[in-house]
């Protein structure tokens, strides 16, 4: 960490600061220019409160050299992490497609979709039981009943199940869940992250709509700091000014995260774009960009037999796409 | 709500849709153009799942006419709401300054700040006991102890207290808290909002970093749908590409929200800008723009006697500012 | 176009509006609901000033059904356009890699890079002679001299040349240039676009940093409205809050644009990410996402023999990448 | 400027770099830590190409200490600049309201508006003759005729005139114009800025939709580097995800710019919000935030007698607002 002091700070203030920094265990490297004093901190600065230092009134600015995340950092863990998801592996060359409906609706629906996506090559089943909805008047999911139906679909097909949690108090209901998803809106629900850090469940952590990749890694760090290293990161689009797509899928997140962290990275082209017609191209693109997996919405029972979901593929579309993904996988940039 | 159908849909599909819409209680107004069919829905559409309809494959797009929020909507509640905060009123012409430190640190600190801001004219005391921090390694607040110290400061000064909650499970600790703050990162923590809707506590709901004003109002709606109408909205800056300021304070939110809702609107220029030197101008600007109040960080005990906080005012700076705010208040655009 | 009127407008105002609309040649379709009147416009609305109508005080909002661009619209030109670039074709199945240095520096440099990228499979040579730089103190390019060197490289290799124009007054200098690039900062320099519309040169139009895809198409429309249909669109990243990458490359622009327009779409992963290490994965991703081409920075003469450019590939890296792009091309989603 | 080198760079590479930096005239201050070498550059770094240095492959990152703008920098020019606008002064305590219609339409319109805004206290008249429009099919202004009408209005009222230029080639037409506006879309049209730097006209430079404040100052620097120091900066809203307002008016730009530069800063609440009902509150807020002036759309001739413009005030609304602005001005934070 480099601390740049303001012009014309007095000796006594500098001394106070350096004494305090040495007191908390840092070696210092001080450069005095004509106008400017620079202090270099040597030691593990990931545990330093950068905000506190930059708030000191003799400090012009603070610049980290070392990333502020440690457990998730590839520098301290060069090999790709391979994460277990109910017997299925992801990361380190293990590529997985997670597929299923946005919400669990009925037994027939979830079992039919599970069988269909399994036949097409999906390695895990997704389905929402607790649904975060912008409006309190919108359908909020089947809750416990939805989790039970997911378990049935798992027993019927052998596919591990992935589903979203919205509150730590619901954790006891998630015992049979193989991968617990933390949604974009809860990426910085730190109390939830801490509780998940106390479990040994695999966590799929989605990037928040307005969160940087560094913040995503810091949220992973919350889980890992509790001792739970089973974390999968997910890029699912960020919020920008563009309105043709629901979100702007940031595919460069894949190679950036692969450089910064050893954790597996998956991409959600369904939420990332909001339109079924964009899913195949973005799923293919994510695959060659080096993602460790994909999470794709598939629905076999268009609501009221009237329609297809706006961002869901039909089982036929998914089958075609899965085949193409498998074919292109070998060209992935790693 | 206006539903625009795609070109070349067949009669049977249209019939299916209109039957279903009538079945759930809407009167329809159908216009058939040469290529385009438009369906107008008459009735209370705030409870319609717009996503579901727009996902139908015969639908080109859906446009709301009525806003999707109801309890918070000024159309159905023309008068400004006046919200009680432990005996102090806000809204409907009652203007309040909420002041205090970012975090509660010690008994001496919080009582000294409370006495000082009260003397300067603040109507409420703020102070963080549970702190959402990007890094798991940063100071997370004094928790229960912090809440106790806030209560002491309240007894010592008579100022109602405002402090942030991070998890519904902590609610029993907040009994003596007058205004419970929901932070920007939890604005769409819907489980927390629902639980707060079951209380009759006053809630200060901060806008999320990447949330639209409509989403802010929908989150207020979550609380109000539970029966708790004591909601105060807070603009605290949104995330943009600009890096000179920590966030971009969106002051036009004040007049926009005043038009859309009857709920009081306060502005947080401290988090909204991230720099103490920007707080006075933005606090003054928010006041004349018509805000019902301000929430300002004030700190009397610069960490380790070394510095002032980056975005906190000293008690002297706050005293000067409070005086100027009171003077300019009468010019506010309402 | 659908015009939604405000509640409680009077008959006379409505009559004024409908008379005016009919006067300028539209058939109208008027639906009167209990509270709300909706006017549908039938006819070619791409030439209507939507801002003017939405500014009328009896109008609540205006919604286009038809896109506001016409010449660029795939609805009126179903086949992919194939654009000629000095004898090389792009679009409609013709895929091209455009490669070369950010700036033309010396004769040796540009000829060496041209020969090298040609050998690796590039179909066109890029190189900047007029450089838009944020700072007036930064290197601004070799200007006329740079254009002459590009011509020499073209004669030496046969590769068509692509270079940026910054002002219409420079057009006479661009006679030997095969593809004239309009940079992101000039995407809405409408005077320049109009002048380029008067030529029959092929134009590579880059998306602005904060411009929507619709605005990109409207800028293409400026060129095409002048009679010049030789337009190539280029996605090169948009500005967001993320700072790990220089811009956020919006790859979903590729399938969105392919649906909206018949014009060829290329992707610039070099400017889109700002880091050489991200170029291969994003170039591969753009290819399978269905782009008609790529524009990639390649530099053989790292400045002062000290370094590689931050976002430029070496000729060796480019050679490897070009090979992989050719291999993956057949999997592109079209 | 601080240059942070990568871990494990070799001696020879470092030597090459330091020799080159010394060769171009810098004193260096080199700190070698255990893993990390830091080079401090002493001297005028505003003329250094930061991109070039950060592209060197031994460089981890580069951090400016000194701002990259010099002529506009308050550090080298402590006093506020007072800029002349055809006899009217702005800056350094001189506050001006610039008012008038979006476009010049007719002689009657522009003269009537000019007389009216003058009576209400406006110090300058604005009106567009060359209009940048997203669509080539929208009204583009009256061009030369519009400039002539502005001149007539100036003769009739004595108000200096402010109008937008879109291309350097039009400069001869702007001889009678007192303040030449560079619109948001042309903020980085560097060729235009350079030409304006060759004149001694006063330039009103608007911030681009996606441009940082530093970029705005660098564009001012382009004009000033040519010798023209008559520059006024204008905040007019940036592009964000929020859609209730046309843009997000960034009022903290006012105190930030006042700290960074000595140039006058004005605010455009009409374009900054896009809605007439938001103009009064944002105009008042900008005034107390310390702006040197405002630019406000006023229209006396609603199109076709049907309506008011969406973001224009009527003369009566402007008269009321101007009175309130004058009253609140003394409370401005400076």
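Think of it as A, B, C and D in the order they're written, each chain with its own count starting at 1.
Following the convention adopted for this analysis, a contact is a pair of C-beta atoms (placed from the backbone, for glycine too) under 8 Å apart; a residue touches a chain by one contact, two chains touch by 3 or more.
Quick caveat, the model's predicted, so the values are computed rather than measured.
K.L.:
Please state whether A-D or A-B has more C-beta contact pairs across its interface.
P.N.:
Per the contact counts, A-B leads.
K.L.:
Using C-alpha centroids, which chain lies at the maximum separation from chain B?
P.N.:
C
K.L.:
Compute the distance, rounded to whole Å, between the mean C-alpha positions of chain A and chain B.
P.N.:
About 26 Å separates the centre of chain A from that of chain B.
K.L.:
Return the distance between the CA-based centres of chain A and chain C, expressed in whole Å.
P.N.:
32
K.L.:
Let me have the rounded angstrom distance from the C-alpha centre of chain A over to the C-alpha centre of chain D, please.
P.N.:
39
K.L.:
Among the residues of chain A, pick out those that touch two or more other chains and give their numbers.
P.N.:
Only 210, 239-241, 243 qualify.
K.L.:
Flag every residue of chain C that touches chain D in the complex, lowest number first.
P.N.:
These residues of chain C touch chain D: 13, 16-17, 20, 46-49, 51-52, 54-59, 68, 132-139, 166-169, 185-186, 188-192, 194, 208-210, 215, 218, 221-222, 225, 239, 302-312.
K.L.:
Chain C touches which residues of chain B in the complex?
P.N.:
2, 4, 29, 31, 33-34, 36, 38, 40, 42, 60-61, 63, 65, 239-241, 243
K.L.:
Within the complex, which stretch of chain D touches chain B?
P.N.:
Interface residues on chain D, with respect to chain B: 210, 212-214, 238, 240-245, 248-252, 254-256, 259, 272-273, 277-278, 280-282, 284-290, 324, 327-328, 331-333.
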